[in-house]
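We call the chains A, B, C and D, going by the order they appear; numbering starts again at 1 in every chain.
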Amino acid sequence: MITVLKQGTTKEERDQLIHWFEEQGVKVHVSVGEYQTILGLIGDTSRIDMEMLELLDIVDKVARITEPFKSANRKFHPEDSKIKIGNTACGAGAFAVIAGPCSVENKEQIEEVAKRVKAAGATMFRGGAFKPRTSPYDFQGMKAEGIELLLEAKKATGLPIVTEIMNANHLPLFEEVDVIQVGARNMQNFELLKELGKTKKTILLKRGLANTMKELLMSAEYIMAGGNENIILCERGVRTFETYTRNTLDLSAVPVLHNLTHLPVIVDPSHATGYAKLVKPMALAAAACGADGLMIEVHNQPSKALCDGAQSLTPDQFDALMDQVQKIREVLS
Amino acid sequence: MITVLKQGTTKEERDQLIHWFEEQGVKVHVSVGEYQTILGLIGDTSRIDMEMLELLDIVDKVARITEPFKSANRKFHPEDSKIKIGNTACGAGAFAVIAGPCSVENKEQIEEVAKRVKAAGATMFRGGAFKPRTSPYDFQGMKAEGIELLLEAKKATGLPIVTEIMNANHLPLFEEVDVIQVGARNMQNFELLKELGKTKKTILLKRGLANTMKELLMSAEYIMAGGNENIILCERGVRTFETYTRNTLDLSAVPVLHNLTHLPVIVDPSHATGYAKLVKPMALAAAACGADGLMIEVHNQPSKALCDGAQSLTPDQFDALMDQVQKIREVLS
Amino acid sequence: MITVLKQGTTKEERDQLIHWFEEQGVKVHVSVGEYQTILGLIGDTSRIDMEMLELLDIVDKVARITEPFKSANRKFHPEDSKIKIGNTACGAGAFAVIAGPCSVENKEQIEEVAKRVKAAGATMFRGGAFKPRTSPYDFQGMKAEGIELLLEAKKATGLPIVTEIMNANHLPLFEEVDVIQVGARNMQNFELLKELGKTKKTILLKRGLANTMKELLMSAEYIMAGGNENIILCERGVRTFETYTRNTLDLSAVPVLHNLTHLPVIVDPSHATGYAKLVKPMALAAAACGADGLMIEVHNQPSKALCDGAQSLTPDQFDALMDQVQKIREVLS
Amino acid sequence: MITVLKQGTTKEERDQLIHWFEEQGVKVHVSVGEYQTILGLIGDTSRIDMEMLELLDIVDKVARITEPFKSANRKFHPEDSKIKIGNTACGAGAFAVIAGPCSVENKEQIEEVAKRVKAAGATMFRGGAFKPRTSPYDFQGMKAEGIELLLEAKKATGLPIVTEIMNANHLPLFEEVDVIQVGARNMQNFELLKELGKTKKTILLKRGLANTMKELLMSAEYIMAGGNENIILCERGVRTFETYTRNTLDLSAVPVLHNLTHLPVIVDPSHATGYAKLVKPMALAAAACGADGLMIEVHNQPSKALCDGAQSLTPDQFDALMDQVQKIREVLS
């Protein structure tokens, strides 16, 4: 970390700051120039609050050389993490395919879709029981009953279950859920993250609509700081001015995150684009740039879906997609 | 609400959809054109899930003519709402000035700043006890102890207290707090909003970093749908590509929201800009475009603040600002 | 096109507007509802100025059903366009690989890189002679001399030449250039587009930093309206709040544009990401989602490049990339 | 300017770089730390190409301490610039009010609006003769004939004339125009900027739709580097995800630019918001945060305007606005 002091800083003020740094356990190299003085901080600076530092009267600029996340940082954990979920996995070469409907609607739907996506090669089954909706008047999900249906599908197919949590108080309902999803709107719900850090569940952490990759990693760090290192990151599009797609899928997040962290990174092309016909090309692109998995909406009757029609694939389309994803992955290997 | 059907929709499919609309209690006007059929929906369409509708096979486009929020909508409540907080108020001509430090740090700080901002004309006192921080390693606030200090300041000055909540489970700690703030990162924490809708507390709802005004109003609607209509909206900047300011303060939100809703709208120039020297011009601009109040960070020793140095005014600067704000408001009246 | 009239519009005002529409050659279907009147416009509405229409006192909303671009529209030209450049092509199955240094620097550089990229499978050679730079003090390119060096490389390798134009007055210098690039900053330099519309040159039109896909197509329409239909569209990243990449590459633009237009769409991962190590994964992703080509920076000594070091591949890296791109394309076929 | 070298940089490589810096006329202070070496550059670094520097193999990070613009920089020119236009001025206490219709339509319109805005206190008259339009099929302006009508209005009222240029080849038509506007879409049309730098005309430079303030100042620098220092900057809104306003007016640009540059800064609330009813509050806000002027669309019959209806004020509304702007300015003085 580099701290540039303002012109006019007195030696006394400077020494006071250096003393404070040393108390935090970091070493300081001072470089006095004609117009400015630069302090180079050496050691574990992750616990130094950069924002507070910048606000000091005598400080002109602060720049980090090392990233402020530590547990998630590849520098301190060079090998890819392989997150194990039941008898499947994600990361370090294991490719996760999480498929299923946007919302759990009824027993028939869940049974049929689960059976079909398993046959096509899905490694986990997803379905929304608690649905975050912009309007309080829109369908909010089947809740506990929805989780029951997912667990029945798990029993029938053996596929681990992925479903979203919106409130830490609901955790008892998630006891048999394999992977707990934190949605984009809750990526910085730090209270929820802290509670999930106390569990041993695998957490699927989605990037917020207007969050940077650094913030995504800091949110992962919240969970990891609590002791839970079972995290899968998920890119699902960011908000831009473009209107032809629901969000702008930022696939460069895959290689960038792979450089920064050892955690696996998957991609959700269904929510990002909002249109079924864009799911296939973007899923193939995600596989091609090295994603560790995909999250795909599949519905047996997209046109009758309660909330996932136009962006859901039919089971037949999903079959065809899986086939090409497999071939793309062979090219990379 | 207008629903445009796709070319090739059969009469049977169309009639089925019309029948469904009528079941929802809305009347349908059909306009058959050469290339498309348009259904105009008349009545209360706020409970129709536009997203689900758009996903139907036969639907090409859906457009709302009326907005999807109802309790917050000025159309159904033409007069400005005046939110009463103790013996002060916000909205319908009442101008709220909420001032105080970013974080509660200690008794001396809180006592001194509260006394000073009251003398300068503040109508409420603010201070953060629970702090949402991007990093788990940054200062997270004094929590319950911080709220205690705020309540002491309330006793000493008579100023109502404003402080942020991050977890509905903390509500018992907020019993004597006058205004509960929902921060930008929790604007779409729907579970929290629902719980706040069950209280009678005044809620200060901040716009999310990348949320539209419509989404802000839908979040207000979540609280109002629960029965709590005591809401103050707060513009605090949105995320853009600009880097000279922390966020981009969107002052046009003030007149736009005034057109759309009867709820009061205040502005927080301190968090939006991130720099003390920008607070005064932006506070004056907020007053000039009709804001119902301001939220200003004031610290007795900005350079020693735990988290709000560079963006905090000194009590003297705050005095001078209040004087000019008052004069600007006289020009408008 | 749908025009919704405001409540309170008189029959006289409405008939006046309908009459005006009919004069523009479009038929009007009127649908009178309880709260609003909707006019459905049938026929060629591309020449109706939607913005002007929206501004009329009596008009509440205007929505297009068909897109405002016509020559570029796939609806009126369903087959993919194949743009021929010398004995190579782009689109309709032909995959273009445009490679070369960011800037033309000297004869040795151009000769060596051109030879190497040709051997690795590039179909066109690129190099910047006129460089748009944010600062007037930065290197502005070798200009006419740079074009000379490119033409020598063309003679030596047979590869068609791609280089950027910034001023229509420079067109005489581009006489032997095969493909004229319009950079992101000039995407809405309408005067330049009009001049290029009068030529028969192939135009490589880059998407602006903050432009929508619709605006990109409208800019293509400017060129096509002048009579020049030889256009290749290029996605090169849009501006967001993310800072780990120079821009955010929007790969969903590839399938979206393919749905909207018959023009070929290529991707420039070098400028979009700004880092050499991101070029390979994003180039593979672009191929996987169906791009009609790639534009890749290659430099013989990236660390000594005048303006393209960190984002340039070495010729060896380019060789390896071409090999995998080819295999990805085989998966899709 | 600070340059951080990568770990593993050899002494030889470092000395080579230091030598190169010294050749550019800057002094170098070396600070060798345990993990990194920092070079502090002292002197005129505005001509060092930061982007090129960052791309060197041995360089980890580069950060500017001083801004890359020089002629526009307040540090080197501490007093406000007062730009004189005929017998009026802008900046250094002089408040410019530029009013008139979006497009020049006909003699009667121009005559009437010019007379009315002069009476209400406008200091300059504006009207678009060349119109940048997204669609080639939309109205492109009256061109030379439009400029003729503006010059007649100038003769009749004595008001200096402001109108937009889109092509340097049109400069002969602008000989008697007082202020040449560069529109948002041409802010980085560097070839146009260079040509304008060779004239002595006052240039009204609008911020691009997705450009930072630093880029705006670099574009001003292009003009100033050519010898023309008569520049007025104009904030007119940036592109965000918000849809209730055409663009998001960034009023914080006014105080930020005032800190960075001595050039005057005006605000265009008409184009930024796109709605007449938002023009007044945002114009007052602009005056309150210290803008050096306003650019306001005024039309005698907004509902019949060719391109500026809904966002234009009537002359009566403009009268009322001017009155309040004057009072706001008195508060500030």
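Just so it is clear, a contact is a pair of C-beta atoms (placed from the backbone, for glycine too) under 8 Å apart; a residue touches a chain by one contact, two chains touch by 3 or more.
These numbers were taken from a predicted model, which means no experiment stands behind them.
In summary, the chains found to touch both chain C and chain D are A, B. Between the interfaces B-D and B-C, more contacting C-beta pairs are found at B-D. Among the remaining chains, C is positioned farthest from chain B, on the basis of C-alpha centroids. Centre-to-centre separation of chain B and chain C, using mean CA positions: 40 Å.
Chain A and chain B have centres, each the mean of its CA atoms, that are 27 Å apart.
Centroids of chain B and chain D (each the mean of its C-alpha atoms) stand 32 Å apart. Among all residues of chain B, those that touch two or more other chains are 210, 239-241.
On chain D, the positions that touch chain A within their shared complex are 2, 4, 27, 29-36, 38, 40, 42, 60-61, 63, 65, 239-241.
In the complex of the two chains, the chain A residues touching chain B come out as 46-47, 49, 51-52, 54-58, 68-69, 132-139, 166-169, 185-186, 188-191, 194, 208-210, 215, 218, 221-222, 225, 239, 302-303, 305-311.
Against chain D, in their complex, chain B makes its touches with residues 210, 212-214, 238, 240-245, 248-252, 254-256, 259-260, 272-273, 277-278, 281-282, 284-290, 324, 327-328, 331-332.
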